[in-house]
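Look at the two complexes coming up: chain A is in both, with chain B in one and chain C in the other.
And now, the complex of A and B:
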């Protein structure tokens, strides 16, 4: 059972975060939160999202697992106005969730959870490098890199004390260095990994709205982007596998 | 199939992590296709087929192995057999007989409801025919993976490509690649990491054999390795009854190859086969270029023509679009 009211913007942010990687997911409903963890079809990137009870204006729920068609929900978001309130309601064991907003009552048929990929296990990765910067700066860097290449290297240079992003195209090259005074926090440890901008562009659109994004890095390891939304009552982690650096 | 050199090579078969295989690999197409056809089957031995009865096991194998290779940073070139040398005729006839017998035993086992037996015999009945080869060429072309036509044996062509540095190593289960002079041979590069051996499923891991290490380790030349193979038996000759690889090694090191053959097989002339291994006919006029996969073309071929599930193919194509040098998260879960 779920009966809740939420601000349309918070709902939009949650769905956008998931839609950046997958078109459907298993959403776990619990008495004090909603959460999902899903991996894209290519097994390259993962999203973990949690929205606490406090992010909602009203929230009542019992434990349930819902199969959500994220692509459909994303289309529906277009019909919502800024500041709209959304009423979500699902009876115990129900197969359709009712989403009411701005005089619309939308009945969303839930997917059979057994047809959706199981939640991946939480990965166990040691990522020693950490930098915190604004979502806006991160998104701008991703955009700049995608003008010259389809991949970007992220790393920390502990000797020169900066975090860097480098994109090398066939003919052009772009590099951004941010020193300790230009970022919120920087762990000085040597790390570097290369990533696909195809994924980062989609994630960047979501991360661009975050006040701060924690970036966790290793050597030829996945990158983890960690950030809050909904006044810290919502939290998103993205994990992206690295590309192999050309010799 | 191939040549039974395992006993003297075992020490030089080194396990290798997939990461160590990143590079360009020449795949013995016939060997790979035979593996797909024999392994990718239903429990009763029926291969994957479309509604017209056309076999599709090899197409599934090519698609998923290509994906797996790309993910590991391996770019493949498939090398296809050309005209077999006339001295392979005996082996070809024997294999044809074995296939026909296996097919009969498969049917018998099915009639008796012995599913395990049926699967075993079905595997031995696998045949790489013209339809399999044509559809493989077509799919590889759509995947953007180059294919090379060998004038004769594919393994010989792959070995030549590795010798001149166009590829880093050849991929085959058969040791013949070493006889043809492949500097590096990689084996066991299967997607599942499992193989059925005499009815049991065993875990297998990629392994690499470096020809120089074998020759230096055994203190022999490549010519002597070929002599050992001729004594043991190859696809081109029967060998001497009762002589295995270890005995053959001793004979060759004692320089008694000629005398042994004269005594045991007086009518056998080893020279044409020796020459075939040491200077096989090869194609030097080929071009290796990898192009992005033709997503629509693959969908048309596999889903519209051969009736693969569109969901399965779309998911594979999504992966293909991103896996060229892209690692996946699997190893961190």
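And now, the complex of A and C:
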């Protein structure tokens, strides 16, 4: 059972975050929160999203697992205006969720959860390097890198005390260095990994709205982007596998 | 729940049969580096190809990404999924991830357009181990095959299957007699999946299984012409042969021709004669079928052919490769020859204003002598290719050489000429006088 009211912008942000990677997901409904974890079809990126009860204006729920067609929801988001209120309601064991907004009543048929990939195991990897910067700066860097290449290296240089991003194209090259004073926090360990911009561009659009993003890095290890939304009542983790540099 | 999924082997050591192949897979995985070629696992359905790939990934602690025919496998989809997977490290922090592409012998049709080419590109640059899976190796595009290491999965012998079936019965708290398990494993014909499904179907709503429970659930009939010829030479029972001939879905004409093609495998003339006696009789029935348009006769033709051939083979078995009737090749090449000949006559006829029939009946020998005398001239004049020239010269190598030489000279001349004048006019009137 689920009965809740939420601000359209928070809902939109949640769906956008998931839609950056997958077209459908298993949404877990619990008495005090909603959460989901999903990997994309190529097993290259993972999203974990949690929206606490406090992010909603009203929230009443019992434990349930919903199969959401994210692509459909994303289309529907276009119909919502800024500041609209969204009423979600799903009867006990129902297969159809009603979403009411701005005089529309949208009945969304849920997917059978058994047809959706199972939740991936939470990865257990150590990522020693950590940087915190604004979402805006991160998105700008990703945009810049995608002008010259299809991959980007992220790393920390502990000797010169800066965080860097490098994109090397066939002919052009772009490099950004941010010193300790230009980021919010920086752990000084030597780390570096290479990532595909295809994925980062999609994630960047979501992360651009975040006030600050925590980046966790390792040596040729996945990167984890961690950030809050909806007044810290919502939290998103992105995990992205590194590209292997062919020798 | 589907037992084939429930009891899918989790480890390589749980798989039944094909021990040598499995060992090869394990050592391939253990020493894997990006320079190693991907594997192609091929063999009949239910021999453990997909299970082996999954078990291998499990044993190695690798992640696994699987794409099969139910996924879209267009160029774009393959590049997005397999392509980006092949170039990235695993998300979970595992050492590698295994990319499994199932049913690669079905990479065609509009839905998979460009799939084979995309797959080839991925194989060239992958940084992760890959396994391709197919039923029939010959149906995998040749360029893919040549870049992979083929490993054949053979049918599982009935006796090696029984312990696995007994284990499943125990796990499901079923009482099964040994005769039942033997029956199941024989009927499955080396297909483990079929055996387990058969067992599950028989076990619905029962705690004790007897061989009678099995009667209603029998494996789907699937048979190829190769199976049929093998069975004929092995001397299976008449009913079995007739049923199998039916199951191939080939017309009796084709079956008779295949059988005729394998007559050469019989050891002596007496048996060849015996085989031809029944093939001839079958052919009579085929003729009558067509003449009278009475297709019930077809079945007699088919039965006479397979049973008669089986009698002639006297259960000797078959050891040589079964290949399509050579007659088909001969028909094919004869047809090609005819087409070349027809084309040549047509050209001569319009060039020298002689009817084709007159050319064929009276002048062809004369032309042969003329061409023999100055082949280069005629190649140029009639724009002959090597096949056509060969009809005059009857010397393949010489024809190819002459045509090549003429072409090279022509190209050289054109190069010189383009700078000055347009190409020389070669209208019929201009050169006709040289012949007569």
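The criterion applied here is as follows: the second predicted complex is superposed on the first by the 246 of 247 C-alpha atoms of A that agree within 3 Å, B and C clash if a C-alpha of one lies under 4 Å from a C-alpha of the other, contacts with A are read in each partner's own complex, and residues count from 1 in each chain.
Everything below uses one rule, namely that a contact is a pair of C-beta atoms (placed from the backbone, for glycine too) under 8 Å apart; a residue touches a chain by one contact, two chains touch by 3 or more.
Just so you know, these numbers come straight off a predicted model, no measurement behind them.
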**Report entry** chain A as common anchor, with chain B and chain C clashing or fitting
**Finding:** clash
Query raised in the report: Which of the two partners, first being chain B and second being chain C, lies in contact with A:21: first, second, both, or neither?
Result: neither
Report task. Using the touch definition from the top, say if A:241 reaches chain B (first), chain C (second), both or neither. Result -> both
Report task. Identify the partner contact of A:43: answer first if only chain B is touched, second if only chain C is, both if each is, neither if none is. Result -> both
Query raised in the report: Just chain B (first), just chain C (second), both, or neither: which does A:90 touch?
Result: neither
Report task. Using the superposition on chain A described above, determine whether A:222 touches chain B (first), chain C (second), both, or neither. Result -> both
Report task. Using the superposition on chain A described above, determine whether A:196 touches chain B (first), chain C (second), both, or neither. Result -> both
Query raised in the report: Which stretch of chain B would you flag for clashing with chain C, going by 6-14, 24-32 or 258-266?
Result: 24-32
**Report entry** Intersection of the chain A residues that touch chain B with those that touch chain C
**Finding:** 39, 41-46, 120-121, 123-125, 196, 198-199, 221-222, 239, 241-244, 246
Report summary line: Within their complex, chain A touches chain C through residues 39, 41-46, 120-121, 123-125, 196, 198-199, 220-222, 239-244, 246
**Report entry** Complex interface listing, chain C residues touching chain A
**Finding:** 34, 63, 65, 80-82, 84-85, 87-93, 97, 125, 127-128
**Report entry** Partner chain B, residues of chain A touching it in the complex
**Finding:** 39-46, 120-121, 123-125, 196, 198-199, 221-222, 239, 241-244, 246
**Report entry** For the chain B and chain A complex, residues of the former touching the latter
**Finding:** 22, 73, 314-315, 318-319, 321-323, 325-330, 332-333
